[in-house]
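This is the structure I have questions about; it appears just below.
Chain naming follows the written order as A, B and C, and within any one chain the residues start at number 1.
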Amino acid sequence: MVLIAVAASTAAAFWELVVVLQEGTQAYRLGSWAPSIGIEYVVDRLSAFVAVIVTSVSVLVIIATRRIAEREAGDRLGAFYSLVLLLLAGLTGMVVTGDLFNLFVFLEISSLAAYALVFQGGRSAMLAGYRYLILGSIGGSFYLLGVGFLYFTTGTLNMADTAAALALDASARSVQAGAIFIFAGLGLKMALVPLHLWLPDAYTHAPSSVNSLIAPVMTKVGAYAMMRMFISVFPDGYLTNVVPIADALLWLGLIAIVFGAIIAVAQRDIRRMLAYSSIGQLGLIAVGIGLATPLSFVAAQLHLMNHAVMKATLFLSAASVRLSTGLNDVSDLTGMGRRMPGTMAAFTLGAIAMVGIPPTAGFFSKWYLVQAGVESGHWVVVAVVLASSLLSAVYLFRVLEHIYLRPAQPDAVHAPVVIPQGGSNDQPAGAGESPADVIAPALLLGAATIVLGILNSWIVINVLGRAGL
Amino acid sequence: MSETFSSAGPVIVVAIPAAGATLVALSGRWPNVRDTWSTIAALAMLAAVVAMLPGVLDGRIPQATLLELAPGIDVTLRADAAGMIFALLASGLWVVAGVYAVGYMRGGNEHKQTRFFAAFALSLAAAGGVALAGNLLTFVLFYELLSLFTYPLVTHRQTEEAIVAGRKYLAYTLSGGVLLIGGTAWIAILGIDASFTAGGFLRNASLSTGTAWALFALLVAGVGVKSAVMPLHSWLPSAMVAPTPVSALLHAVAVVKAGVFGMIRMLAFVFGADMLNDMGAWQVIAAFSAVTLVAGSLLAIRHDNLKRRLAYSTISHLSYIVLGVAIVGPIALTGALLHLVGHGVTKITLFFVAGAIHTRTHRENVSELDGIGRQMPITMGAFTLASLSMAGIPPFVLFTSKFYLSWGAAEVEKQLFLVLYLVSGVLSAAYLFPIVVRAFWRTSDAFTRFGEADMRMVAPLVITGVLALAWGLVPDVPFSFFDLATDVSSAAFPDSASVAGAR
Amino acid sequence: MIDDVAARFPFWMSGLLIAIGLYGMIGKRSLLKKLVGMNIFQSAIILFFIAGSIREDATVPILLEAGHGVAAANPADFVNPLPHVLMLTAIVVSVAITGVALAFLVRIHHEFGTTDEASLLEQVRR
């Protein structure tokens, strides 16, 4: 049932993308109220693109984690999936709305569902979930405060109308305040350094079925919202010249790239390593937004897609390992190449893409970002983006060494963490590969990293709308 | 002059080893089938390359355009004369190296042979892609894949030492790779068409001096890592921990030749003679490669471990090639290309011998090799041929190439390097001839139990040793290396009259 | 100066409450007090919006005469109703979050026996 709902949503997203590409931006008025009074949904290329990404990755993750969810949620499976659907509704709602306050509502819906989902992860998840709740609420409230400032200045909540009003006159101090609070709120939601503190614990301790879902998509939608502010709300140049939000994004992003990668190297738990890796990768997206040129936005959007796919692959691989053996540490992966070849193949594909070997998708994210850096004369960007490939290689290839090059330790398997349901799902110690419905989506996502890389030019030109250079 | 026509040939050259790798991976359970696939793939790749040869010599260049990989840039494979030289060398030596590898791996009962041969084939596919790449992005694509596919080969033994060597290998090659990526992306955003053009495609791009130097640093350092130019060389001796067929592959065929080939592409096809002279950039490379040439040889003399000695010898000889291109002259370029081929076939012989000795006797150090010539005369005979070639004794192939390199230096009035080349032969002799002397003129009882190694290892090294001599006498048989080299030089230096000198 | 403060009194209060709320969320060790801080913080934002809807000499936005054709009613006589509506939504969101947070607290207390952050951290790290 859940699958039907999510699959239908995915199909709708793809359909919408096709429509938008052919006919231009679509708009829908809730209750047929005119925009200033009613809430308007606006789907342009960017919205459709992000919606497709969020829904398709979610579908695959939900398929893959079905067994895991059954084990982890037990008899609360119904409530669990309700929360998952709520989460997705919130995320897709954020993507398609054209109203600032509506964005807040969907933001809080998805966040609330996420808090509850993260909390399911057992003892250590409780404190992580609670902290996530507190910090996340701060973010949402800051965003709301920022919207308030904007509303009182422009008199409208509709994004397009706000843009028109600000284009006429954006000199008021309250607009600056609004911009800053919105930036703070969305920055926290997209885990921009130093507002990232909720992320490592939440991703590490959440149940496998949850972090595989949240990690690829939640922060991306936050980044999307930030992009939306740049593109559709504030006038061109306002966020660069008047209030230096763009510069803040740029520099915090650069710091995040380096910080995330370095801390990731020091981690023993795979999930925590991937969490810090995500912080670093989000830095890349932030840099793309912060450079604030058409090319850099394309780079940020492309990396939004690429990273969602790559991280989903990696988290699903980790989830598969946890399902089969109950293990979490990098050192526990020693010799897994023999025992879980499919899962490890997926992990390898994800890792190679993260490092950025052509023709995987990760390579092209860096390609466009480097070009954006050259174009704006920010040589630091070029250097840091190129260095991030090497830094990612350090912590990812170390894992690959364990998987393929070091001999397996026969005593390394613990019993699975969650109680087996009995029957064929019982995995004795020394377990082998996970079932096909767990590995197949992971491998599919891994293959997608290569396919999306090869198709990147088509995507950039036709979907994101950037013609030639 | 030369015209380009559309053909699937270049794609087939790269596709064959890739398909071969798949077949190898699938037939892991039947070792004989698997190794047959490996050999067939090598022969087929060679055949595909040779098939394009007559056309290229005639001036008809096959080109295949695949998908658009970045906006405005296609993946293009083009078999021009320079690419043909590298492709012929790579595919030809793969045939012998493949047979040798089977003998070595089975003789040593090595583990994970399927992974080994599959990675071997993929590395050759990547090398073929590097050879036939028609523009910078395609080049970078295959260059990075080459780093990736050779990693499992370097770390094959899976010992702690191998893993550490693998890390160093990756650290160096990936770092070089990101520099290349930076340069390539930069050129692309400037809107310059990055198709390799003899004479340099940046020549007409009117770059500012700062930009030109920055691009120079990025691109040259990027290929400089795999070319083992000092100080970017230290991954190479560490990588000797790999099984000998890998060292032979890395040192003669795939990785380092891809590096110097890349250097040739950057210097002659991206920047071009005019830019290098105007910027004075040739002096930078000439300086680094000259130092490497001498220092590599001196370090080779110091090392007792045979493979390490050969590693430093390679570092030195690669700089012969780099220096030849840096000198910026048509004859020197011809010499550099000939040296690429000659060193490949000569060095692989030396490594084959080292591996044969190790398999038979488990000896690794020169000091342990007294009298081995008595027991393994054929093997050490080939070693002697190769040593004579490395020292540049006529009529071996490396004499021919050094002749052109020296003449080339004189031609553009850079006599310093002429002297350097002449002196270098002495150095090469200094670290190789003592081995020959020890093998044949000293006696010891250590080797009386051993005979020659397995035929699958001895036959290849005899073939390559003889080629080192034969290609010195008739470099155009059967692959027209000399003609191809002069084609490249005349294309890169269209105004020069002195290109195709008679022998 | 006093006039400025007095005129914008609700906004200054709002700012003060934000500060108190943030202090509570970050500075207090007890998870329950953090929650209280969060509530104060959210209330502050609600206050901000409501304060922004105030107009001089305006009354509550309820039309007393029913039926159509009441176009004669002057919008300037009424306080801006939209922020009130928005804040209803925000209150609902706040209540939901608070509810979830309280559920979390109950579970945490059940599991660990304490809601003090420091000792929780200790127990979890073990």
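Following the convention adopted for this analysis, contacts are C-beta pairs under 8 Å (C-beta built on N, C-alpha and C of every residue); 3 or more make two chains touch, one makes a residue touch a chain.
Keep in mind the model is a prediction, meaning the values are calculated, not measured.
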| item | value |
| --- | --- |
| Chain with minimal offset from the mean of all protein Cα atoms | A |
| Relative to chain A, chain with the most remote C-alpha centre | B |
| Geometric centre distance via CA averages, chain C-chain A, whole Å | 29 |
| Distance from chain C to chain B - Cα centre to Cα centre, in angstrom | 70 |
| Rounded Å distance between chain A and chain B, as computed from the means of their C-alpha atoms | 43 |
| Overlap residues in chain C, where contacts from two or more other chains coincide | none |
| Contacts with 2+ other chains: residues of chain A | none |
| Residue ranges of chain A in contact with chain B within the complex | 295, 352, 355-359, 363-364, 366-367, 370-371, 374-375, 382, 386-387, 389-390, 393, 397, 401, 404-407, 454, 456-458, 460-461, 466-469 |
| Contact footprint of chain A on chain B as seen in their complex | 67-73, 140-141, 144-145, 147-148, 152, 155, 158, 162-163, 166-167, 170-171, 174-175, 178-179, 181-182, 185-186, 188-191 |
| In the complex, chain A residues that touch chain C | 101, 104-105, 108, 112, 115-116, 119, 123-124, 126-127, 129-130, 133-134, 137-138, 140-141, 144-145, 148, 151-152, 157 |
| Touching residues (chain side chain C, partner chain A) in the complex | 18, 22, 25, 31, 34-35, 38, 41-42, 45, 48-49, 52, 82-83, 86, 89-90, 93, 96-97, 100-101, 104-105, 107-108, 111-112, 117, 120-121, 124 |
